[in-house]
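Note that chain A is present in both complexes that follow, paired respectively with chain B and with chain C.
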Partner chain A sequence: MSALLEMKGIVKRFNDTAVLRKVDFSVEAGEVHALMGENGAGKSTLIKILTGIYPKDGGEIFWNGQKVEINNRNDAFRLGISVIYQELSLIPTLTVMQNVMLGREETRAGIINAKTMRKRVKDLISKYGFGIKPDATVETLTIAQRQTVEILKALSEESKMIIMDEPTASLSTKESDALFKIVEQLRDDGVSVIYISHRLEEVYRLSDRLTVLRDGVREAVLTKEQIIPADVVRLMIGKELSESTASQNLRKSDAPVRLKVENLTRKGIFKNISFEVHEGEIIGVAGLVGAGRTEVMRCIYGADPYDSGKIEFEGEALPRRIVANIKKGFGFVPEDRRNQGFTPLLSIEKNVALTNYDTLASGGIVKAKKERKLGNEMVERLNIKPNNSQIPVGNLSGGNQQKAVLAKWLSRDLKILIIDEPTAGIDIGAKDEIYRILEELAANGTSVIMVSSDLQELLRVSQRIIVMRKGEIFTEFSDGRVTQEDILMAESGILTKEGQEHE
Partner chain B sequence: MRQENMRRIISVASLVIIMLIFGLTSDSFFTADNILNILRDCAVYGIIAIGVTFVIITAGIDLSTGAIVGVTGMLCANLLYYYNLSAGLIVLISILTGTICGMLNGFIVVKLRVPEFIATLSTQYLFRSMVFVFTIREMGVITNKRIENPAILLLGGRINGIYLVTMAFVLLAVIGQIILKKTKFGTYIYAAGANRKSAELSGINTDKVRWAAFIITGFLCGIAALFQIGRVGSVTTDLGNGWEFDVIAAVVIGGCAFSGGRGDVFGSTVGAIFMAVLQNGILKYNLPTAAQLVVKGIVIVLMIVFDAVYNNMMQKRIQQKAREEDAAEMAGGEA
Partner chain C sequence: MNKDKIKKMLGRSQRLWILVVIMLALTLLQPGVFLTVSNIRSILLSISIYGIMVCGTIFPILLGGIDLSVGAVAAAAGAFAVTRIVADDYSTTGVIIGVAGGLALGCIVGLVHGLIVTQFGVPAFLITLATQNIVYGIAQILTGNNVIPCMKPESFAFLGGGRLLGIPFSIWIMAFMAVISYLILTRTVLGRDVYAVGGNPEACRLSGVRSRLVTIIAYVASGFTAALAGIVLASMNRQAIAKAAQGYDNFVLTALVVGGASLMGGEGSVAAAIWGAFLVGVVQNGLRLMGIASDYHGIFKCIVVVAAVALDAHVRYKKSGLKKGGFFKKKAKVS
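Here is the complex of A and B:
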């Protein structure tokens, strides 16, 4: 078989950091090719180069043996490459048919020929056995159905290659099964599928070949027979890691329980979540995108409602109001730092003050001197750079922005800090500082719940690790030695509930 | 049932309800003459509302429509008085002036990337100032001259009892609805408003689409101005003052959402009739002016609040439904 796509020696740098270092990647016609690697391994960068979103800094791309230049999305589109985006890109108020045919409507004398368009879409739907109606408005469909509409759109454009990036992240088991059937059908029709997923069981089930990336280098290309989940995990993590970050001794805490969550359930999002957090303990929450980690945290903090279950804080039922919870000593550092963590146009001082006006203001009037003093204190204490509390937080580097967000909460008498992906997009030096801050915080008695997708980070900082999978707590590592492989296998679905590997 | 149909039923139902209220409490409401008057009164706003519907579906707004009517009407009056141009030329110039104003709005929004609200707020001042440039003056004093051109005055007249402006409104609304629902351009209007980025990824030039919506609005303002001066027979400097808000209210009552992607010309037509019925019905009670305005204000606030509450409710219901389906499948899939 000849390769439909060949990418040779692809190089990409951001500033001075090489993200892709001479990566080779090839996909044959009519194969499902999985692309795997940890966060930051370079998967999305490679795909973005293939679809013309990023220019490449080196290497060549061949399509059907011809050298091609892909400079923008249209170039990729013309070759027949479609992407099913993680954030869905449909027009919510238009119908399935209108969305599928958008930009390629058939008209007669200027009037849209709905009949022939509907027939085309209907034919495609019945050919693939999708259970959707061409005249349904997209906003009334479930996420899974919307994804099918995107696939329909790609099919109607006669794509030769469909790229799916974590397609099952927000799908139920049944919906995922339906998607797998679609993928298999696509393959049988000669369409190539590049399948990006952290869920090893899916990859194991679906893919004809598998490429593993690690730190911007192609680590291995495996054929179906060669795919052994435990090996893939080892390839993704790498071998030459020092013992201290590869595994960790966990320890249970004897301190009193501060937060107790019992059978917390939000229909369709997560269910039966139960865990305890002790005083001065750092508990890590692992899981893949879509496992429901962020949703549980938002719910505990009081930002989202839940349907059943209990949340107790120091023995009492926790109020459902964010303001009350902040008074009780809660802090919350969200995953989406830029949009939810801080106010970019306001200075560090003002951002810190936002969570402190209960003490910084009286009768609605701000005590400017106190405000300034607190701002300066926090800049000093967290070593925020530049060392000036008057600078807008939007102008700081990622690491310093995160410190400014932490400053909002550390300036208070904190009993519990919920922090979601603490170091996403932050350079290594600043990462260490943030870990140190979290450790100091715990040493002084604050409980920390840290959601993270970074295995090294989870092992380095947490004393216990909860692993979530598909809206439930899958397992908890609470004592003894745990390795990155253990966590990865637990979150990605290789391990069954009994702790056995799939056959 | 599709949300669109549901919303349609509600807006028609609220129109029927207020008509019944006025009809049952006043003898002079359900008379042929009064109904024809309502259909005349709603038509001028309605014609503009067709264009504003396009703009609001693209998630835009146009605050300059009243001022476009003002400047267009005044320019026509000026040319009729000083140059005695023929009716044909006046019609052409009026439509052209409105269209040019719309082009300018679109240019500022699309090419200069000024948000619609600010852009059309500022052009409103510009167009309003132009009204004073074209005002007819005698010895330096602004004078209001009657329009003598019989063909122009005919535009305010009627055939078989039905006002010409009503006919024009119906015709333009039908054309507008067909463009919106049956042409590529119409689909692109929705796409540009509901998810602009995605529309662009599908190869749609959303800049062109949004610009066109402004041009259509300007064009329709030119037509509206002609009928208005034909009806009144003269032009004052406050022609069109505040109309933009009556038009926007009509469009929103008719089911367009400021967030874009929702609504249609049929709905806006219902909204325009609603506004005219409200205005007309209140007059029948012989209330003091202040009370009339208060009643009108309260009804509009209620309608708009209802619209927002309804939209939020539907949005929640859709999400709830999707979540429950997910929950059901989650449970089913693991059993």
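Here is the complex of A and C:
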């Protein structure tokens, strides 16, 4: 069988940083091909080149043996490549049929011919046994059902290749099972599926072949028989890692408990979350996208409501209001820096001041000199570049923006800092500085809760690691030696709860 | 010559230059008519009204909101003050109650806007458009749809007709309001919060800023200055009429947008907005002097607004670093 798609020697650079280094990738007709790799390995970049979102800096793409140039989404679409996006691209107020046929409506003399369109969509639905009605409005459907509408759309466009990027991130187990059946059906129908997921179990179950990327290089291509879970994990992480970053000795804290979360539940999002944070302790929260980590943190901070459970801070019930919690010594660095972290048009100084007007103002009048002094102090202390507190935060680089967000909180006396994906999109130099800042904070008695998807980061900074999976705490690594493999296995669901009993 | 240097110099005071060029053109086109003390004074008088309004309406604009009700609020506040004064037989108590009541009316309308925007999430555009009609109705009811003259007492007439040190008192009020507004926006926590919430409401919420309260205050400020402007206008015209400030919503928005305030929020300053008011006033005056029928003024002004907003959006788009340049694509090629 010849390959449907062949990508040869694909190269992609961003600002002189090579993200893909001569990657080969091929997919045959009618196979499910998994694309694996850690965050930043280059999976998304490869897919974006394939779908015409990014231009490639080198290499060739062949489709059915013929060389093709894919310069935009339409080129990919014309070849028959569809992507099912994590954020779905449907129009919620239209019906299933209208969404599926959007832009390709069948008309007779300019009038929409709903009858034939409905028949086409209905035929497709019954062929695959999708169990949705063509006239249902999309906003009334569940996330899983919406996903099937997207797949339906791809099928009606007679796609030959469907790319699924983390399709089960927000699905329940039952919904996932239904999706797997669809994927298998697609394959039997001769459609190729590129399947990207961090959930190793489903990858093993579904894929005919598997390509592993690491640091922009193709590490291996495995056939079904060659796929052994532990091997794949090792391939993803890389063998040559030094012991110190590959594993870490955890240490339990003897300091008094500062934050105690008990059976915290938000219906449909997470349930029965219980853990403790000690004074001066850095606790890492691991898990895959969609595991509910961010949501738990937002509820603790008071940004979102929760349904049941208790949160105690220094022995007292914690208010559910942000303003009150800030007064108690909370700090919160959100995951979505650009939309939630800072005000881009305002200077570093004014962003920092935003959380400090209790001390920087009297009677509502800002003490401008004090404000400037604090701004300069923070720029100095966190080594923010350029070294000028008057520059709008929106003009800074990612790492410096993150430092500016940190500065908002480090300028206060913090008892607890919640930090979500502290180094996402940040270069290595700035990463180290941020780790140093977190370690300093903890050394001075501040408790730090760090949500992270970066295994090296979790191991490097945390003293204890909680692993969340599908809205629950799956396990906690609290002492002894723990490796990247241990965490990856726990969060991606290779291990069952029983298998973890040795903890 | 160093072209870049000249460009830089022109760019920095770009706004002032536009005004100077327009005024120069008008002086040449209308020799002996435009650049006279009486004409300049008449320009100042007309801009003092929307100058006052701009000082408060800039608050919701900075939040990324809007207030379309300022003209109607001005009319209603003026009508309330005048009818009160007439009913109280032109006494000083009548003036005090009338003015205070008119201002309170403006604040209440603003409070309603703020509450509905923050508590129900109704877009400011919608709610203020609705209250524009409601408050205009109130003005009609208050005046019985008649012109209510009010030549007395002196204290009231002074607001819009008096002079202090040779300068119309309404200009003093505008200047005073501008200073207050400037100080609030630059020196107080409230002002900082307004810019911050306008720039990124979610980041502010997570930073513990009481963004709802800030929003409510902003709409109250807008209602207050609209009412103040309406009372000064009634005093200036020595009468109350429901249509007194018709079209002022447009003036005010034009002044703000021309003055560089972003309708997306987070950007703008009082000084630039007052400049915008000047520009609008001068352009309008010029149109009148050139004998262009007032029917055409609205058309012309709205073209100016659209041009200013389009330019603003274009510059912003270019700044954002996205590659498509829309209408100005070819010119943008170099940068």
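Annotations for the structure displayed:
Going forward, the second predicted complex is superposed on the first by the 499 of 503 C-alpha atoms of A that agree within 3 Å, B and C clash if a C-alpha of one lies under 4 Å from a C-alpha of the other, contacts with A are read in each partner's own complex, and residues count from 1 in each chain.
One rule holds in what follows: a residue touches a chain if its C-beta (ideal position, glycine included) is under 8 Å from a C-beta of that chain, and two chains touch if they have at least 3 such contacts.
All of these numbers come straight from a predicted model, not from anything done at the bench.
After superposition onto chain A, the partners chain B and chain C occupy overlapping space and clash. Applying the stated contact rule after C-alpha superposition, one finds that A:255 touches neither chain B nor chain C. Of the two partner chains placed around the shared chain by superposition, neither chain B nor chain C is touched by A:228. Contacts of A:93 after superposition on the shared chain: chain B is touched, whereas chain C is not. In the superposition on chain A, A:174 makes contact with chain B only, while chain C stays out of contact range.
By the touch criterion stated above, A:443 is placed in contact with neither chain B nor chain C.
When the shared chain is aligned, chain C comes close enough to touch A:303, but chain B does not. Residue contacts after overlaying the shared chain place A:143 against chain B, while chain C stays out of touching range.
No residue of chain A lies in contact with both chain B in one complex and chain C in the other. The touching residues of chain A, when paired with chain B in their complex, are 73-74, 89-94, 98, 102-105, 107, 110-112, 114, 137, 139-143, 172-175, 177, 267-269, 271, 470-471. Of all residues in chain B, those touching chain A in their complex are 2-4, 178, 182-184, 186-187, 190-191, 193-195, 197-199, 201-204, 261-262, 318, 321-327, 329-330, 332-334.
Touching chain C in their complex are the following residues of chain A: 301, 303, 322-323, 326, 332, 334, 339-346, 350-351, 353-355, 357, 361, 364-366, 368, 408. Those residues of chain C that touch chain A in the complex are listed here as 187-193, 195-196, 199-200, 202-210, 266-267.
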